[in-house]
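A short write-up of the structure that comes next.
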Amino acid sequence: MTLWLMAGLLFTPLAWAVLTLMVDFRKGRLVTWLGMAVQVLVSLGLWAAVASDGGFLYLLGGWQAPLGIELRVDGLAVTFVLLTALVAAACGWHASIYLDPGKPWHRYFWPLFWFLWAGLNAVWLGGDLFNLYVGLELISLAAVGLVALGGQADALRAAIRYLMAALLGSLAYLLGVALIYGQFGTLSLAGVTELMNSGDAQSGQTFPLVLMLLGLALKTALFPMHGWLPPAHGIAKSPVSALLSALVVKASFYIAARLWLDLGGELGGFALAQLIGVLGSLAIIWGSWLAFRQTKLKQVVAYSSVAQIGYLFLLFPLTWGVTEAISLQAQQGITLQVISHALAKAAMFLAAGNLIMSVGSNRVDALAGVSRFLPFSLFSFGLAGVSLMGLPPTGGFAAKWLLLQASLASGQWWWLAVLLAGGLLSAAYVFRVYRASFIESTDTDQFYHPSRSLEVIPMILALMSLGLGLVAEPVLSVMSLPFEGGGQ
Amino acid sequence: MTLSVLMPVFALMTSLLASVILFALPEKGYRLRTIINLAAAILKIALVGVMIWGVAHGREYEAAFTMVPGVEFVLRADALSMLFAGLSALLWLLTTIYAVGYLEDSPNRSRFFGFFSLCVASTMGIALAGNLFTFFLFYEMLTLSTYPLVVHRGTTKALRAGRNYIIYTLTGGAVLLFAIAWLHGLVGDLRFQEGGYFSDVDPSLNGPLTIIFVLMMVGLGVKAALVPFHGWLPQAMVAPAPVSALLHAVAVVKAGAFGIIRVVFEIYGLEAAEAMGLLAGLSVVAALTIIYGSTRALYQVDLKRRLAFSTVSQVSYIVLGLCLFGPLGVIGGLVHLVHQGIMKITLFFCAGNYAETLGVHRIDELDGAGKRMPGTSVAFTLGAFGMIGAPPLAGFITKWTMGAGALEVGMDWVVAVLVISSLLNAAYFLPILHRLWFAEQCEPWPHERRWGRLETSAWLLWPPLITATLMVLAGLLANVPFSPLSWAELIVLREVAL
Amino acid sequence: MTPSLLYAFAGVALCGIGLFGFLRLQHLLRKLMAFNLIGSGVFLVMVGLAQRNGQPDPVPQALVLTGIVVAIAATALAVVLIRRYYHLSGQTTLAEPAAKSARPKARSVNREGAPE
Amino acid sequence: MTLFSAPFVLLSVMLPLASMVLSCRTEWQRGYRYCLPLLPLPALLLGVAVEPGWWLELPGLLIGGLWGADDLRRAFLVLTAMLWLIGGVFAIGYLKDHHLRRFCVFWSLTLAGNLGLIISLDIASFYSFFALMTFAGYGLVVHEGTDEANRAGRVYLGMAVVGEMAILSGLLMAAQLAGSGLLANLPAAIAGADRQWLIMLLLLAGFGVKAGLPLLHFWLPLAHPVAPTPASAVLSGAMIKAGLLGWLVTLPFGEVSLPGWGNALVILGAVGSLGGALLGVRQQRPKAVLAYSSISQMGLMTLMVGAALANADYAGPLFAVMALYVLHHGLAKGSLFLSTAMALPTSRGGQWLLWLLIALPGLSLAGLPFTSGAASKLAMKELLKPDSFGFAMAPYLPTLMSAGAVATMLLVWRFLWVQRAVAGVGSNPAFMWLGWGLATASSLILFWWLPWPEAVPEKAWLSAMVYEAWSLFWPMLLATVIAALAWRSVKQR
C-alpha cells in the first residue's frame, strides 16, 4: 500500500508537469484539478499510514545510496507533505479561477506549479544532502518562473533578483555539501551523524556547516539577506505569492533545520546559535516594522513574511546545548510555526488578492470603509492575522507558547522579549489594515464581490490555521514519529 | 460524551454559532437577525440556568482535551464560573434587546451583531475556562472581538480609541502570556483549583512567584482598568452605547477582574498570596484606583465619560474585596462582580437612551430630562444610588459586606476608602440626578426623536428598567437563595476554603 | 600538496573570483557568467576533495554531472528572463528605474500583467 | 402580634411605596394628591392599636430583616404617622399643580423611609430606610425650585451624605463587633469596644446631622423654611426625630455609664438649646424662627441623651420621657409650621381666635401648664435631678432646663411677632383648615389619649401640674418680659 502511495506521491507532480506543459491554460486547469485531487488523497493516505504504522525509509527504484535516491518518510516529512498538498491545492484552486485564461503566458503556470510541488516533496522526503540540493534548485527555478509570470518589467526584475539570490544560496549550499563529502565521504545525513557519533571521523569543522546555513538562510530570506523577498512576493500573482511565502521559503529552512539538528550539536557552537537567533530576532522586529510602514497591501504581507521567518530561526539557539526535552519542545514549536505560518500566510495572500480585486487598488488606504460591505476576504485576512499575531487559539499561538516554554526552560529568557514584542508588532500591522477598513465617511460605495470559491479558499486556510492550535497535540504527536529502521 | 461534558461546550457554542450565522446573514435580514440573536441569548440563559442549578446541587460539568503538549483546554462549570456566566448570559439578552433598538436604522448591523456575539462567546469562555491557558485563550479572543465594536462608528475618534484599546490590551495580553508561560515552566499546567496551589510552596520559589504575580496583575489589570493601566477605558466610551454597556459591565473589565479572582483564589490561593505579601500591594493599587477613578469622574462633563471613570473606580472594588482575604471581604468582592455589572449596565443603557432619544451627551444638557423620560430617569437614579452604595440597592450590599470584611481582618483603612469613594460617587452622581428631576429644561433637546406614546423606543426602554429592577432585587432580596450574595457565599464556602 | 588538493584549491579560487564578480558586476549577463564561474569552482572542489585513497570516487562525478545539468537549466532560465527583461525595460541591470513607474505600477496591479 | 397582622405591617411600610404606581399616568396625579393622607394610616393604626413587643422576621430581606416595635418605637411611630397624616391632609389644600406628581412621589418615598426606619430592628433595613428618607427628603426640600431652595438642597444633601457615611462606618464597626445584624445587639458591643470613642463619635455625628446637633445643624435653618409648608412640618416634626431615634437605638444606653460623653452631650445640648434661640430670635421669617426653635428643642433632648449616657441606670426612664417629649414636640412643631401658611380670617374675632390657636402649641412648647409641653417638661425635670447623676455637668441641669424654657418662650414670641408681620388675610382651602385643625387639636387635646410609654413618671399627669404650675410658669413670664422689653425698644427706635 505505502509503495503505491509513494509512487503516486512522487510520480504525479512530474507527470502532471509534463502533461500540463502540452495544453493551454483551460485544459491545464482541468487536468490539474484531477492531479490535485490525487495528490491530496495520496498525501492524506501516506500521512494516515505513517500516523498508524510509523515512518520508514524508501529507496527509490530499489537502488541503494549513494547513487540511488533514499527517501526518509518519517512523521515530520509526511506532515509537511500533507501541508504542501493542502496549501498547494488551495493555491492551485484559487489560481485556476483567479488567473486570467486569456493571457497566453498563463498556460505556463501549471507546469511550473507542478514542478514546484515535485521539488517540495523531494525536499521534505530527501535523505541525502545532494538530493536536497536538487530539490531546492527545482523549487527555486519553478518559483522564479512563477514570479516572472507577472510579465511586467517589475515582475521580471523581482524574478531576476530572486533568481540571483537563489542561485547564490544554492551554490553556497553546494560548496558546503562538497566540503562535507570531502570530509566524511558520505552524503546521507544519517550517515554523517553516525560517523560523527562513532567518533571515527576527526572532529568536524564548522565551516562547511556555516557555509550551508548561509546559503540556506539566503534562500530563506533571513535578515539581513531578505532584500529579494518582498519585491518577489509582493509583485507575484496572489496565488503565487501564497505558494512562495507559505511553502517555498520553508523548504530551505527545513533543510537548514535538519542540518542543524543532525550536525549542529557537533559542528555548531553557542556563538553561532546565538548569532542566528539574533538575526532571527532582528528579522522579527525589522520585518514587522517595515510591514507596518508599507503602503501597499501585498507588501505588508510580504514584509510580514520576513518577520515570521525570523521566528523560525529561533530554533537554532533553542536547540543547541539544551536537554532533549527542551530541544523537542523547541522543535515542536518551530514545526507548528512553519505549519501555521504556511496556512495563515497563504490565506492572507489569497485574501489580499481578493481584496485588491474588490477595491481595484493595491493600496492599504483603498480599503477605507470596506468593512461595511462585509468582505469575506477581509475576515479571512483578519483570522490569518490573528494567527500571525500569535493569539490563541491559533496555531501561531501554540507555536509561540512552546517557544516561550523552551526559552524559559533553557534559561534563554531574552527570546521571550522578542517573541512577545514580535506578537505586538504583528498586531500593529494587521490592525493597521483592519483599522482602515472601519473608517467611515469615505466615498467608497463600489465594492466588487469576487466569486464565492475565491473567497472560500482563504477562509478555509485561515480556519485551518486557527484550528491548528486546538489540535496541535495530535498533529505534533504524528510529527514526532520516528522512522523505524530501513523497512520498505 | 455525557451531558456533563457537553453542557459547557453548548453554552459556549450558542453564541459562537450565532456569531457565524449572523455574519453570514445579509445586511437586510433585520427580522431574522433579531430572532436569531434573541433565540441564542435565551437558549444560553437556559443552559446557564441548568448549569447553575446543577452546580448548586453538586454536579460537575467539565470538558477537556490536550491542545499543545503539556497544555490542556479545559471548560468547566464551577460555582465561581457560574457567577460570571450567569451575569453575562443574563446581560447579553438585555444588551441584545437594547442593541436591536439602538442600532435601528444604522448601517453595518450584520457586522456589529456578529462581533457582538463573538464577544459574548469569549466572555462565556472566560467564565468557563478551567485553567489559565484556556482563560488566556478567551481573554485574547475577547480583545479581538471587541475591537470592531469599539471602532464601529468609524470616526477618527473611534479609530483612535480603538487603537489605544488594542495597544493597551494586547500589551497587557503579552505580559500576561509571559507570566502564564513562566508559571507553566515553573510548575506545569495548573487547573483552577480550590484553595490554590502554593500554600506550602518551596520558599525558594517565592521570588519568581512574586514577580509572576505582579506580571499577571499587570496583564489582567489592563483590562480591569487598574490605575495606571486604565487609559483606554474612558476613550472606549465613544463606542455605541450597548457596546459601552457591555464593555464596562460585563465583558472586558470584568474579564480582567474575573481573571484576578481566578489567579488569587485558585492559582495562588488566598492564604498563600497573603503570606507572600502579594495582596497588600494589590490592595493599595485597588484603593488608589478607586479614589483616582472617582476623582477624575468628578471633572467630566460628558455623561458617558463620567460613567467610564466611575467604572474605573467601581471595578477595583472587586479587586479590593479579594485583598481582604477574609470570607466576608471576598464575598463582597465577588458579589460586586455581579452588582457592578447590573448597575453599570443600567447607567449606560440610560446614557444611551438620552443620547438616542434626546441627543443629549453632556451632563449640563440633561436639565429636566426626568420629566421627558421618566422611566429612563428612574432607572438612572436607581443605578446612581446603587453606585453610591445607598441601601437597599445592590451597591449597598457590596459596601456593607466589604466593610465588614475589612474590619474583620483589621484593615480598617479600607472602610475609609469605601467612605471616601462613596462620598465622591455621591458628589458626581447627585448633581446629575438634581438636573434630571429638579432643574427646569431651558433649551430644546439637541436631537429629539419621538416614539409615540412611550418616552423612547420600547426596545430601549425595557432593558434599563429590567436591570434597574434586578439591581433593586439583588439588594433587597440579598439573602434569598440564588441571589448574587448567596451565590458568592456558596463560592466562598466551597472554593476558597478559608 | 596532492593534485587533488590542488584541484580543490583551484576550485576555491574560482569560487572566490566568481563571488567577487557576482557581487560587484551590475550587468545581468556578467552576473550570470560569474554565477557559472562559482558553479565550476564548486564542482572542482567536489571532485577534487573527494579523491579518497588516490582512487577516483565515482559518486562526486555523478553528482557533478547532475549539478551541471541543474546549472545549465538555471542559466537557461536566467537568460530567458534577462532577455525578456531587457525587451520590456531596456535595462541590463537591476537598478530601479528612476521613479518612472511609481504611480502607474500602483494602479495597474489589479489588472496584473502588461499588454504584450 | 397575631398572624394576620404580618401583611398589615408590610402594608404600613409598603403602602407609600406602592402608591407611586399612581404617578405612572398623568391623569392619575390628581387622585394621587387625595391619597396622601391615607398613606400613613396603616402605620398609625399599627402604632395605636398593636401591643408593643411584636416582631416580624423577613429572612430574605437584605442581609436578614427583622421588623418590630417596642415602647420607644411605638411612640415614634405614632408621632410620625400622625404628623404625616396631618401633613398629607394639609398638602391636599396647599399644593398647586406645579410638579404635583413629583412632589407626591417624593412625599411617599420620604414617608416610607421615615416609617420604615422606626419599625426596623435590623441594621440593614434601618439604614436603608434612613437613607431612603434622607435622599427622598431632598426632593421635598428643593421642590420649589428657587435658587434659595437649590442652595439649601445642596447643603442639605452634602451634609446628609457625609452623615450617612459616618453612620455607615459606625454601624459597620459596631455590627462587626457585635457579630450580628440586629440593632439590639449593638449597644452591648459598643460598650465593650476597644475603639468605643470612634464608633460613638461616628454615630453621634452621623445621626447628629439629622437631629440638628450644633455645628452639624447648618442645613436645617436653610432647608426647613424653603420646603413647602407641609413638608417643613414633617421635616421639623418627624424627620428630625429620626436622628434622635438613631442615637437611642444604637448608643450603649443602659450598658455602661459614660460620664465623659454625657458631659459633652449636655454641653452640646445646652449650646443647641440656647444658641438656637439666640440665632432664632434674629430671624426675619417665621419658618426660619421655627427651624431654630427645632434646633433649640433638639438641644433639650440632647441634654437628656447626655444624661442617659452618663448614667446607665436612668437610661430606661429617660427613654420614656424622651418618647413623650418627642411626641409633644413633633405635634406642636407640626402645628406651628402649618400655621405659617394659614391666612387670617377677615373678622376680628376670628383673627383673635386663630392667633390664640396658633400661639397655644407654641406656649405648649414653652411648657404652659396643662399642655403637652408641661407634661414632658415635668417628667424631664423629675428625672434630671442633679443628685441622681454624678457627672460634672449634672448640677447645672435644672438651670439649663429653665434657661431652655426661657429660650423657647422667647422664640415663640419672636415667631408670633414675625408671623404677624407676614400673615395675610384671606380664605384658606378646606383641607388646609382641616390639616391645621387636626394638628392643633392633636397637639393640645389628642396628645393625652395617645399611648404613652409606661415608664413615664407620674408627675407628667395633669394632676401634678397644679403643684408645679409656678415652676413651669416663671420662665415663660421671664421670657415674656424680655420679649416685651425688646419689642418696646425696637418700637421706640
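We just call them A, B, C and D in the order they show up, numbering each chain from 1.
By definition in this document, contacts are C-beta pairs under 8 Å (C-beta built on N, C-alpha and C of every residue); 3 or more make two chains touch, one makes a residue touch a chain.
Owing to the predicted nature of the structure, the values given are computational and were not obtained by experimental measurement.
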| item | value |
| --- | --- |
| Higher-contact pair (C-beta pairs counted), A-B versus B-D | A-B |
| Chain whose Cα centroid lies at the greatest distance from that of chain D | C |
| Length of the line joining the C-alpha centres of chain C and chain D, rounded to whole Å | 105 |
| Chain B and chain C: spacing of chain centres that average the CA atoms, whole Å | 63 |
| Approximate Å spacing (C-alpha centroids) for the pair chain B, chain D | 44 |
| In chain B, residues with contacts to at least two other chains | none |
| Sequence positions of chain C contacting 2 or more other chains | none |
| Complete list of chain pairs which touch one another | A-B, A-C, B-D |
| Chain B - residues contacting chain D, complex | 385, 388-392, 396-397, 399-401, 403-404, 407-408, 415-416, 419, 422-423, 426, 430, 434, 437-438, 440, 475-480, 485 |
| Residues of chain A that touch chain B when the two form their complex | 329, 332, 336, 369, 371-372, 374, 379, 386, 389, 391-393, 397-398, 400-402, 404-405, 408-409, 416, 420-421, 423-424, 427, 431, 434-435, 438-441, 469-473, 476 |
| Chain B-touching residues of chain D, taken from the complex the two chains share | 59-65, 102, 124-125, 127-128, 131-132, 135, 139, 142-143, 145, 150, 153, 157, 161-162, 164-165, 168-169, 172-173, 175-176 |
| Residue ranges of chain A touching chain C (in the complex, touch as defined) | 66-67, 100, 103-104, 130, 133-134, 137, 140-141, 144-145, 148, 150-154, 156-157, 159-161, 163-164, 167-168, 171, 174-175, 177-179, 181-182, 185, 187, 235, 237, 296, 298, 356-357, 360-363 |
| Residue numbers on chain C that touch chain A, as the complex places them | 8, 15, 22, 28, 31, 35, 38-39, 41-42, 45-46, 49-50, 52, 57-60, 62-63, 66-67, 70, 73-74, 77-78, 81-82, 84-85, 88-89, 91, 94, 96, 101, 105-110, 112-114, 116 |
